[in-house]
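Look for chain A in each of the two complexes below; its partner is chain B in the first and chain C in the second.
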Partner chain A sequence: MTAPATTARPPIWRDVRYLRVLFQAVVVAVVTGIGLWLWNNVQTNARTTGIPLTLGYLDQPSDITVPGNDLRPTQSVRDAIGVGLGNTVRVALAGIVLATVLGVLLGIARLSTNWLLSRLAQAYVEVLRNVPLLALVIFSYIAVFLRLPRLENATTVGSVFIASIRGVAIPWYRIEGSSLAVAAVIVLALAAGWLAARWRRRVNEATGQPAYRWTVGVATFAVVVVVAQIALGSPVSLSGPAVDGRRISGGITMLPEFAALLAALVTYTASHIAEIVRGSIQAVPKGQVEAASALALSPSQRMRLVVLPQAMRIAVPAIGNQYLNLTKNSSLAVAISYFELTKVTSVSIGNRAPAVPSFAVLLLLYLMLSLALSAVVNIANRRLELVER
Partner chain B sequence: MASRATFRWLAGILALTLVLAACSDDDDASGEGSDTTDSTDPDDDTEITLVQQGSALEAVKDAGVLKCGTRDALPGFAVLNEDGDHIGFDADFCRVIAAAILGDAEAVDFVDLETEARFTALQSGEIDVLVRNTTWTAGRDGDEGATFLQPTFYDGQGMMVADDSEFESVEDMDGTSICVASGTTTEGNVATEFARLGITVNEVLSFADVALIQEAFIQGRCDGWSSDVSQLTGLRSEFPDGPDALRILPDVFSKEPLAPAVLDGNTDLAQAVNWAIFATVQAEEFGIDSTNVEEFLESEDPNVRKFLGVDEEGGTFDPGLGLPADFALQVISQVGNYAEIFEEHLAPLGLDRGINTLWSEGGMLYAPPYR
Partner chain C sequence: MSRLEPATAVGWARVNLFADRRDTVITFVTGALVVVLGFRLLRFVFVTGRWDIVRVNLGLYLYGRYPRDQLWRVVVAVIVVAFVGGALAGIIARRRDAAARAAGTPTDDRRLGTRLRDLAVRVWPLLLLVVVLLALTSTITPTLVALAMLAAVAVGRVLGAAWPRRVDVVFFVLPVLLPFVLLPFLTGPLGWDKWGGLMLTLLLAAVSMLASFPLGLLLALGRRSALPAIRTIAVGFIEFFRGVPLVVLVLMSDQALGFFFPQSMLPGKVVRAMVVFTIFTAAYVAEIVRGGLQSVPRGQGEAAQALGMAPWRVMGWIVLPQALRNVIPALVGQFISLFKDTTLVFVIGLLDPLTVADAVTKQRDFELSNFAESLIFAALLFWVGSYTMSRESQRLERRLGVGTR
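Showing the complex of A and B:
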């Protein structure tokens, strides 16, 4: 006998839909309650010991000097953090570019049919993947960049190149007058070049004449820049480095701390990227390789036109993760006194900025950097995705 | 079916109970009554009674051990010997405080701290007192929530250069690079001092690890190494190429009173630490040291008798600091007086007493009267 079917609602204390909502509400309440209790705890402790939890310290003088930067000690902590953030971005960008190049090359080398090349690549990856990064950073600094000669014995190539323990210097541009004007000119020139390239592409589509997009675009850019340089009275000049007493003046100097950090980050992250690239190349179906061979593509064409594009689609999320790691690992600069964000925060805490708000600000800034970076990686990922109908 | 529904109900009720309990729990973590007002201005704490402020000192006595924040690798102040014991000037003052409060100089739990973690350890309660060659500054009294006590060592900041360099004083060092230890007052002081002299410092590099500073200095990354003169003397004595390879410039360019610190609000513990330190100074003034303290117990001088907590027919003098009546006796017999502590740890480094002598000899050490 079947039980009589009923359309009446169960009582509220047995109604699954109601209970589900109730339970979720209770969980939210518990989590919020714990969060509020912890926050209350922090506030009470801060009040009892008289430590402020405000951000007022940001406007106090920082007493920080940053090597390689004009920051004055009387400027605010906010400015110092800005300089640190700039340095972090500089290290992260340079590191990402170099690590990708090195990592992809290593990953491909690992799969090479040349026995020596693949074994060397394997040795590199196995060693560097398994070394703690902090040790690598300090080793890179002590064993490599602190061994550069003193300034009086520096390796110099005229006024073009100086390598010493105070830094590696090369010629660089110098702007007299408004750098905003120069930046505006550059943007204008880029726009002009891009428009010229677009015009050439339309000409090519309409008439079939060779487009020469790059040639015309770059030529337009150069013309605009030269004209502006003459018109504005040559604000941009080249300055070469020179030894000036105990320091290097002119040009641009790469500090040994920056170089050591960059070298360690790049070699370490490249070993991880190499493994990712190797895995993703091996994940490309063998049929693709065979089909490419059947089309009479050479091995390098095969890699460049068939395998790598498909491999990169698989590799991009993982490599994006390594980029995030690299950005956050740059905080190890604290160990070798490179003044990026974490080092500046650490120094400002030593100069009696309150620890809890300082680290909260630090975490937020790293979060912003990481979110920005992962947004860019997601754009790349989406463009590479297989579009299904 | 019924058991599953029952479980869900019980879980819901349990969660609700937790939330209610958490929301209504308003006590401050320090265990004091609600004498502190709701403003963040510490000056509003005027209504403090003796009973409620007994917490920090009582907590140390109840624990039976003093948690002392120190370090493990500064010659003269605090180093680890082969047996793992902490030896040094600061380490001995930890023992002085423990002998005063607990009657046992070895009842100390030494907590080795990195420079950056000094004040957070104090704020979090990981240590009771910080005795780690820390400079007493206004900012640390204020924002760091520390209360500094009687300085144990009046120091100054100096500059050390290679012996074969051409610098004779800090004024010659325009445009140079200086290495300092990170997380200290030294970092800010270098820029300030250079600005005061009208010269500029090219770079100030700060490292957490002394070994790294030494390496950078040896390789010529920086021209000068700046730190407290006492630290420089200790580091110079340990320099791998020998102390004569280095020269400490005669200029002393800031005041660095090194003092122990406790957390703000622990007045009783602060006073106990203060009087423990004063005991060492007063003992030197009386001429009492660890070798002759037994004879001084028979002294006719009423001040000495009060100081050592000798029983009189009317009772023993107890000023109400929360310390045992014979705390000075314990301090001197188990550790020593100020001169003994200095001679044992700092004199071998080549440090003179300098201004760290008694007021009667023209120095800075002056203990208030114990009566």
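Showing the complex of A and C:
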């Protein structure tokens, strides 16, 4: 049974096709109108105050001195922003690695059957998660790292760790000779390890023998690195820090600002990651663990082969979000004078750079960082995603 | 793996602390850590910490430069809020009992003493804060105010449980209307730029919370809209504000927002900060609500449509209520973030507790010392607020049975 075909259209004010277009046109007009009004205001204000809206300031001298960097005040704002970007990336990368390690450990401790350990991890998470990050940053800077002793009576642990008002020094690698050769060796070793792992997987798929992909891959990588190290006459060495009169020699010294920001970001983000790890492991259905027990897998096999791969699938998007947050939160450095992007921009505005273009550049850089990071997270996510038919 | 519940303390310890050799080692190592940390913490709080810096400046942390002769306004507002809160608790308890009686399920028959004890356990962080604050004051007035608040809560609770059901609707509308009455009352002849301390934090958080919810809802609907132009605008707005750090936006509100408005229209610093917090939170609220909308089965909307409901009714009566119920915990989480993020006004020099905590150490009496005491006190203010909210949100989550229905 079909309805009789009508050619009569509803009146225009009730015709959905017209209304859709009309509604969208109105919204677009309003949004554009507001945008134009704001832009017009910017131009008027720029004219009356004589502050330009162009990017010409990027080539002006920046007047910025960054502690621990050989940037000269006469160098351009562009160079200063470059240094700031480098510092943002540095603190974000270090933070991501350390926060992941600490967060995963805390998450596992939280699930421990040991009551005391689990409660201690819980206390850590509940305290750190509910305190403003800015309070942690400021606390860690002025109440911890600026209160460290002077270099003469620094806290030292052998030649591994020196903490003083000058910063925190830890061992670091040192390259003698060509660093290009070292990079080439590492790339070569990575390739060898990857090939070895692929070979083991092929063997496993063809014959069913145990793969040991990671063991074989890592071992191959290590062998190549060690052989190259011996063959090239030890170009890479580990140097521990040592107090050398009024300065620290060897190792790498983190400035108090960097160390304070890193410590705050890591402890705070780790508390969030710990909750994600706990939640994702608990979210794996109980039947999975029971089935694994029924197959006589050992506790560690159960964790490694059954629970973790499924928990990872739940955890990765949320942890990726935390990485994004950590990167954006590194801008809190503006409160403690660690010269990353935001601090550099805010100081250069103080040094007469025009505010509107400066912030436009800053926002654009953060958007690019966010996009790049979320692209990486998405790739990881896709690798882990359940393949459904 | 279920375990038998051990009856004695020794049995409990054997299962939970000394199950095997590894467990015992963990217990001793962790125990040593706990003892050392606990000892140092207690010694700092009660012996070595010099809390004079907080004692002297307590008013600054709590209300900044709000004029002292106007403080009665704050007292009145706090007592009104306490009364309304108590009344709401009473109404909810009465309704729950009525529902339980109607359904024939057991009602809540705990004795008054037990109830009070349970309540104290539930809100212990708040009680801790009150005790700390009273310990830091030397006059009688704060204690009287605290007692008056308690009395207001109790009176509200009793009245709320007693009065007839048709009055209830007033009290469900009141929490939404209250800010519009209390804010002008508190601002009085002063203007918002006089607000400071914890009051400023609560003001920023409350206004941004209330304003960001409708905006976020609109953005979420826009993002789910079938109309391409609307969707593009909503997506652009949401993704832009989620991709940039809040600090940068707060800095902009101070240093760049002035360029976007005629000088005559430019509001004060506090209002500009509110606008920034609102827009930023709205972008996140939008994503949360979108998740909720996606969690409602498509059949719900289709069934409503089949019943002949207009599209806006399908959304408003069928889809949105279910979507919002699913995302209440996530929304509370976002508002906790907002509450903590209000500290970012530090970078534009507004006198929130964190700014105060930093500034008072520069007073001559303290000569750049006692940072730890000052900052820990400010952090405690935020910790109590945000921990209480997160606990209540978990309770609510259990009660709503999100994820279990």
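Just so it is clear, the second predicted complex is superposed on the first by the 283 of 389 C-alpha atoms of A that agree within 3 Å, B and C clash if a C-alpha of one lies under 4 Å from a C-alpha of the other, contacts with A are read in each partner's own complex, and residues count from 1 in each chain.
The rule is short, and it goes like this: a residue touches a chain if its C-beta (ideal position, glycine included) is under 8 Å from a C-beta of that chain, and two chains touch if they have at least 3 such contacts.
Computed from a predicted structure; not experimentally measured.
**Q** Applying the document's definition of touch, where does A:A372 land relative to chain B and chain C: first, second, both, or neither?
**A** Neither chain B nor chain C is touched by A:A372.
**Q** First (chain B), second (chain C), both or neither: which does A:A183 touch?
**A** A:A183 sits against neither chain B nor chain C.
**Q** Could you look at A:I175 and tell me whether it touches chain B, chain C, both or neither (first, second, both, neither)?
**A** In the superposition, A:I175 touches no partner, neither chain B nor chain C.
**Q** If we overlay the two complexes on their shared chain A, which of chain B and chain C does A:A291 touch? Say first, second, both or neither.
**A** Touch status of A:A291: no partner.
**Q** Go through the superposed model and pick first if A:A135 touches only chain B, second if only chain C, both, or neither.
**A** Once the two structures are laid over each other on A, A:A135 reaches chain C alone.
**Q** For A:V127, decide between first (touching chain B), second (touching chain C), both and neither.
**A** second
**Q** Could you look at A:P256 and tell me whether it touches chain B, chain C, both or neither (first, second, both, neither)?
**A** Touch partner of A:P256: chain B, not chain C.
**Q** Identify the partner contact of A:G33: answer first if only chain B is touched, second if only chain C is, both if each is, neither if none is.
**A** First partner only, chain B.
**Q** Based on the superposed arrangement, let me know which partner A:L332 touches: chain B (first), chain C (second), both, or neither?
**A** Second partner only.
**Q** Both chain B and chain C touch chain A; at which residues?
**A** Of chain A, residues 23, 27, 41, 44-46, 51, 138, 142, 147, 334-335, 346, 349, 355 contact chain B in one complex and chain C in the other.
**Q** In the complex, go through chain C and note every residue touching chain A.
**A** Those in contact with chain A are residues 16-17, 19, 23, 26-27, 30-31, 33-34, 227-230, 233, 240, 242-248, 251-252, 255-256, 258-263, 336, 340-341, 343-344, 346-347, 354, 357-358, 361, 371-372, 375-376, 378-379, 382-383, 386-387, 390.
**Q** Okay, in this complex, where on chain B does chain A touch?
**A** It comes out as residues 5, 8-9, 11-12, 15-16, 18-19, 22-23, 25-26, 28-30, 32, 36, 40, 42, 115-116, 119-120, 123, 137, 139-140, 142-145, 175-177, 182-185, 187-188, 191-192, 195, 201-209, 212, 215-216, 219-221, 223, 263-265.
**Q** Residues of chain A touching chain B in their complex?
**A** Residues in contact with chain B: 13-14, 19, 22-23, 26-27, 29-30, 33-34, 36-37, 40-41, 44-52, 57, 63-65, 67-68, 73, 138, 141-142, 146-147, 150-151, 165-166, 245-247, 256-257, 334-337, 346-347, 349-355.
**Q** Could you please specify the touching residues of chain A with respect to chain C in the complex?
**A** Those in contact with chain C are residues 20, 23-25, 27-28, 31, 38, 41-42, 44-46, 51, 112-117, 120, 126-127, 129-136, 138-139, 142-143, 147, 328-329, 331-332, 334-335, 342, 346, 349, 355-356, 359, 362-363, 366-367, 370-371.
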